[in-house]
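Both complexes below contain chain A, partnered by chain B and then by chain C.
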Partner chain A sequence: MAFMELLQVSFSYRGQKQLLNDINFSIHNEGITALTGPNGIGKTTLSKLMVGMLVPTTGHITLKGQDISGMTLAQIGRLVGYVFQNPEKQLFCPTVSEEISFGLQNLELPEHDVQRLVKENLPYFELEHLAQSFPLQLSEGEKRRLAIAAVLVLEPELLVLDEPTTGLDAYRKHLLGECLKKIVASERGVFMISHDNNFINRYASRILILENGRLKEHGC
Partner chain B sequence: MSAVVVNNLNYRYQKGGKQILKDLNFTMEQGQIVAVLGLSGSGKSTLCLCLGGIIPHYLGGQMSGQVLINGQDTAKCKIARLAPEVGIVFQDADTQLFSPTVEDEIAFAPENLCLPSEQIRHRVDAVIDMVGINHLRYENTNNLSGGQKHLVAMASVLTLDPSILVLDEVLAQLDAAVKKNVTEILLELRRRGKTIVIVEHELEAATIANRVLLLEDGLLVNDGPASLLQDKELLARHKLLVN
Partner chain C sequence: MGVRLTVKMINLDPRAKIVIVLCLSTLAVFFNTPGSLLIVLIITLLLLQIFQVKYISLIYKFRRLLPVLLVLLFVQSAFTGHGQVLIAFGDVHILTTGGVSSAGCVLLRMLILFGSAMIIATSNSRDYVLALVQLKIPYEIAFMVLIALRFLPIFIQEANDTLIAMQLRGVDIKKVAWGKKIKYFTYIFSPLVSNVLIKANQLAISMEARGFRVYPRRTYLRVLKYNLLDYLITILSLSLTLAVLTLSIVR
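For the complex of A and B:
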């Protein structure tokens, strides 16, 4: 059984022409799948459908065999982590440390485990020196690293990243790529939207292309 | 007269906070495309905000030194007077789009200058055509994709016909075809004598520049010709190139 399956999914924003048309694909919680395509073609919309933030006009999306229309966002969020294209949309805590601990505390982990995980993740994302900084005053690249860290610390089975390399310099892109490889090695999957062909070619094991509302596999 | 003069520029967002820019000194001549490179957090976006006068006018903080735009001191000049001289497209386009439709957004700045309606129409049409966003003209700005928002933000800046254009990581979110189009627009603007500052992490995107400034932890550590982009050893040393 696929981890996530999209079955004949179509979508249009209210009063607008159809953006996604009869999308069918499945992903397993393994490997790095990249979704690419022209600006405005519906890539971000597709990712928001996958995590339940938008509801398909027609068709179904299943997660571990269960239709996500019957799941709460919190239930979906425990299985699928989502990092927005604009990281500011998901940063709201007064400090970098609290931003990373927020999700863990919501899962009601013992406080010593929360602090241990925060301490482990801060240096990995090179945020240790910013631990007490206000997230919205970080640089764009730092905000993105923080948003990824805050989601990744929750260990979702599938991580969905919308344009994760935007705002990252070459060195941090390299770190991100290596981090994604580690996630995959721990039997989890990554689905990323990107225009960064170099990054896609280097790290993705599968490439999907969205064009004119339809999805095709690279090389098919 | 140089288009941009930066003299001994220092900046902290808060008094006693981390120093973001450290004693920067450089000039930019009219018609140059200057690429500003550096790791995340090296001060590139802060420098852009200084060039546009947003620092110190809106963000305050602790600034010393001087930024001259076409001879005008940004600290002493009202931002309304600077805006037609320096157009900035922010890294986060969401922060500069607020009108209900793309057309309204692009018309907003010339309307604020109280230009005759015929002239506003002409400018809006010309910019929409130049940037290639006719299909988005009547769209709600909230419904645009990340890349489209950047194009609209760029169009809304170009409609004031600024002599200096500052693009903070605009190319990163554009697909290959749109990126090529925007690159051609920038080269055309340079031919028309505009001065352009591009902040980029993508070295390939920076190759249209004829000069490169390299920032590291707020310091200007290199200021040289575009051929710096071919110096793999230098780029690797500054972590701008990773094998």
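For the complex of A and C:
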């Protein structure tokens, strides 16, 4: 059984023409799937549908066989981690440390485990020196690293990343790529939206292209 | 004929629209009986129809206000004690015609206020800045009003995104106890305030870099002109409102 399945999914924003048309695909919680396509074609919309932020006009989406329309965002968030295109949107805690620990506390982990995971993740994303800083005052690259760290620490089975390489320098792109490889090695999947062809070609095991509201597999 | 009237009304000078809204709002605040408020509401809906504003969704949104109105209904019935008693528990009035009337008035008044405000949305916000400037309001203040109007939907969207991000990180907002819910709402509030300050600072720099307030006077690409229909609508709205108010006071 596929981890996530989109069946005949179509979507249009109210009063606008159809953006996504009869999308069918499935994702297993393994490997890195990349979604690419021109600007404004509906890639971010598709990712928002996948995490339940938007509801399809027609069709349905299942997560581990269960229709996500019957699940709360918190339930979906336990299985699927989502990093927004604009990381600022998901940073709301007063400090970088609290930002990383927020989700862990919601999982009701013991305090020492939360502390340990925060301490492990801060240096990995080179945020150790910023542990007590206000997240919205960080640079763009730092905000993105923090947003990814805050979601990754929850160890979701599928990680959805919207334009994760924007604002990252070559070294940090490499770090991100290596991190994604580690996620995949731990039997979890990654779905990323990106225009960064070099990054996609280097790390993605499957490439999907969105064109004129329809999805096609690279090479098909 | 109908289409031409609609086009003419939509193209009314924003100042004339402000006058219409002020007149309707004044009447809504002044009247205190469901009958008279219903007449003002019908006039408001007719105007919205002429301005081609889709008001059905507004009425539908007011269903969320029903619990508040129900509370108001019982509070008014229990404490004001006017009107005929419909339901009583011993000496305590649970439901009176006065309470029903008061709750109805609140609902009608709010519908009129929100409905009339929708007329404002039929003009470009930029035109309201021009209108305010031509009403001798300093440009800085008029511009501030425009900025507030323009950024409001963006901030609402940002708050909504933060709420979604929070839920995706394990917060089931519907199941959370009130004490914790308040804590989570402060999480929404702090990035919002911070973003407002950051955006205000960036906007100020960008405006100054483009010569804002370099000279005491500024010119405008477009100047609003009050034409015959604008004068007619303004005079008609003001005179009708004054006549109705005078008649009501005299009676």
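We adopt the following convention: the second predicted complex is superposed on the first by the 220 of 220 C-alpha atoms of A that agree within 3 Å, B and C clash if a C-alpha of one lies under 4 Å from a C-alpha of the other, contacts with A are read in each partner's own complex, and residues count from 1 in each chain.
Here is the rule we use: a contact is a pair of C-beta atoms (placed from the backbone, for glycine too) under 8 Å apart; a residue touches a chain by one contact, two chains touch by 3 or more.
Note that the structure is predicted; figures quoted are calculated from it, not measured.
With the two structures aligned on chain A, chain B clashes with chain C. When the two complexes are overlaid on their common chain A, residue A:Leu107 makes contact with chain C while staying clear of chain B.
Within the superposed three-chain model, A:Ala149 lies out of touch with both chain B and chain C [touch as defined at top].
Applying the stated contact rule after C-alpha superposition, one finds that A:Glu88 touches each of chain B and chain C.
Looking at the shared chain after the overlay, A:Glu140 reaches chain B, while chain C stays out of its contact range.
When the two structures are aligned on the shared chain, A:Asp169 is found in touch with chain B, with no touch to chain C. After overlaying the two complexes on the shared chain, residue contacts for A:Ile32 are found with neither chain B nor chain C.
Applying the stated contact rule after C-alpha superposition, one finds that A:Val184 touches neither chain B nor chain C. Once the two complexes are overlaid on the shared chain, A:Ile76 sits against chain C while remaining clear of chain B. Two complexes overlaid on chain A leave one chain B stretch from 2-10, 20-28, 38-46 or 74-82 clashing with chain C, and it is 74-82.
Residues common to the contacts of chain A with chain B and with chain C across the two structures: 88. Interface of chain A with chain B (complex): residues 13, 16, 37-41, 43-44, 85-86, 88, 137-142, 145, 163, 165-174, 195-197. Within the complex, the chain A residues that touch chain C are 51, 53, 72-78, 80-82, 84, 88-94, 102-103, 106-107, 134, 136, 150-151, 154.
Remark: chain C residues 158, 161-162, 164-174, 187-188, 190-191, 194-195, 198 touch chain A in the complex.
Taken together, the chain B residues at the contact with chain A in this complex read 13, 38-41, 45, 91-92, 94, 136, 143-148, 151, 169, 172-178, 201-203, 239-242.
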